[in-house]
């Protein structure tokens, strides 16, 4: 693997700072986590976006959150066809092996993936329609929701579709038998959030009123 | 979506603490990131494991790292077949749209996914062989590496396979045309790491000596 | 310009080492920074002193900090009189053009400029009182603070005046209309620090208690 | 000073990493530097730009370089008029008090200050002509050099003017009596550099051939 390069010095330095502080201060806990295994209370499904780190927003300590991050925080429908399904594997492991108590889907404002989906569905991004576009095909998961935001003014569609991405992911989660079972047995609760990056506002889906509302 | 429940109070409280401190102290920066978009320097592919948060290890600030997390930090081979490929979509977006300068794959000790792969390949986990096992099928990505660790003493096989998971992911990354092109044009460098959770040691693949070595 | 001499070999060697390592490892990022421009999150105003490199203390990577360094980290009051004002120009560029989110003034122990000011104000450095002394005239910025430390024991006066240099600079910063506006609009926050060189201790001004306190 | 805010957490974290590593590893040297004072070998005059840290390029260790950074690495002519002259004070302190052996002026590509000067002189930036523009008045230092680049193709003018900024600063340095004396006594040498950010190339003024040439 001569392709691999040494780690850039700034990442070495960051790591060394972490080792000498966070690790040194919590060595006993890290060793217990290593020896006894993880026991996270919640799984979070969030976007890869560099501006939304749920580890920061929820003050994630070691061992607390099992975190899957993908483009636009999407979950595809249940499809046990033998292919690679990274998101489904993460969900399966969290619910059936780790038995997390909460599963939280976190969307966010200014999501590049959602904007790409909107552009694609409205004919402005033909390159995303190609079979070879991994982003385009991945965003197909969100395509069924496009009709729900079609009547909104153009400037509000992206933010609305970002929230639909959270809802459709939770709908898809409920197509997984092991999720539905865990929810029915009250062993798992599902939660939907949307974060406004610029304002720092977190909205949660309010099932009583059927809308997202600021926390 | 009556399935969705309100956010547990402990997460509300964590968020409110973040809003009153991290957000309040950095409001101007968050607004700029929202208005001007992200420009992360690196993409990190790491495991969902709750004990290994690269955001902590590398002191990730808002806007710095585009992070994909899946089971066992795996990247499947290039396969533009029109299906959902979350990992491939994340990599495509990071390299072609965001033009990250570094792509870092981070493996770790005590990886449940890798242990499952080992158990499966050695006949101890028949349930993972089923077509309906998302974890089993996802870990098939690592299966080609199983021969490389077969001759090691049993107690060293898991840690060796964890490192192979990093290497096979980077090999698979190089099967993506846009990755190979970016590497060839010196616009992207690839890096492979492995973290020992209990000891806090970070190893990097050393291309000169062909092995992982402590930083 | 026959006055100019070739670069000393030790600096050539240092540069060549940097080129072969830091630059080589981060070429893609340097090119992006060159093509797309800088977007620093913070401006730092620090002393020229060779013992206090904020680039080291804050692990400054390329693109992160806009740094002005002058004698005793001083900012003069707002005075748009058409003369050369290097510090005011740096602050104006950082706040109005680059729109930094934070402006941090960093003082330090054993500051030669502050000691000179103390000596001058207490009659021990008549050469600094001369109109032709650039250092003396520059340190006049700090002169209004001398009364605040006059009652302290002699051996504590210099360290106290170093901290006053930070405070008076921030007071002066607030006389610039564009700074006051940015602070009022929550687009900019001001911060005051003092570093003990020998002990490596960093103190920050605590607005709640009205004093510098160790971080 | 209720205007001052606590230091953002990410800077606290960066500092703590430095304290636990760089400081801890070099405590004895920091204490000697604190007790015995600095003895830098060279003064560097560089730009505030966040992409050009001479501390990185020259691997600046504690105590080695006395560093002044301002917009466009400019030095105004000698003018002992009793006003605040931050750059002149820094130069005076370095040469007469610290007796540095080398004085290095470092310019760079994509310099926002130089571009502003070019725009101003060519009528494209009337706001910089105002008496109240600190950046405009500061860039007046470079105005005498504008004729030297006027005949070049437009796309080459900025880079040429960046190099002229280095030369005019060194010319101005030679108008300071204490500099000329130190140079004449062979106690000080002057050096002019220009860094290409994207390519990592460092050019030095070659007095034999009267041009900048790659090192």
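Read from first to last, the chains carry the letters A, B, C and D; within each, the first residue is number 1.
Assume a residue touches a chain if its C-beta (ideal position, glycine included) is under 8 Å from a C-beta of that chain, and two chains touch if they have at least 3 such contacts.
None of the values given here were measured: they were computed from a predicted structure.
Peer 1: Would you kindly say which chain has the C-alpha centre located farthest from the C-alpha centre of chain A?
Peer 2: Ranked by distance of C-alpha centres from chain A, the top chain is D.
Peer 1: Could you see whether A-C or C-D has the larger number of C-beta contact pairs?
Peer 2: Output for the comparison: C-D.
Peer 1: Indicate the whole-number Å distance between the mean C-alpha point of chain A and the mean C-alpha point of chain D.
Peer 2: Their C-alpha centroids are separated by 46 Å.
Peer 1: At what distance in angstrom does the C-alpha mean of chain C lie from that of chain A?
Peer 2: 42
Peer 1: Suppose each chain is reduced to the average of its Cα coordinates; what separation in Å results between chain C and chain D?
Peer 2: Here chain C and chain D have centroids separated by 14 Å.
Peer 1: Spell out, as numbers or ranges, the residues of chain D touching 2 or more other chains.
Peer 2: Those would be 5-6, 8, 13-14, 16-18, 24.
Peer 1: Which positions of chain D touch chain C when the two form their complex?
Peer 2: Going through chain D, the ones touching chain C are 1-8, 11-12, 14-19, 22-24, 27, 30-31, 33-35, 37-38, 40, 42-43, 48-51, 53, 55-60, 62-71, 74, 76, 80-94, 97, 102, 104, 109-110, 112-113, 131-135, 137-141, 167, 170-171, 174, 183, 189-193, 196-200, 202, 204-207, 210, 215.
Peer 1: Please give the residue numbers of chain D that touch chain B in the complex, ascending.
Peer 2: Residue positions touching the partner: 5-6, 8-10, 13-14, 17.
Peer 1: Residues of chain C touching chain A in their complex?
Peer 2: Result: residues 21-22, 25-26, 59, 61 of chain C touch chain A.
Peer 1: Within their complex, state which residues of chain B touch chain C.
Peer 2: Residues 25-29, 31-32, 36, 39, 41, 61, 99, 101-102, 186-189 of chain B touch chain C in their complex.
Peer 1: For the complex, give me every residue of chain D touching chain A.
Peer 2: 13-14, 16-18, 20-21, 24
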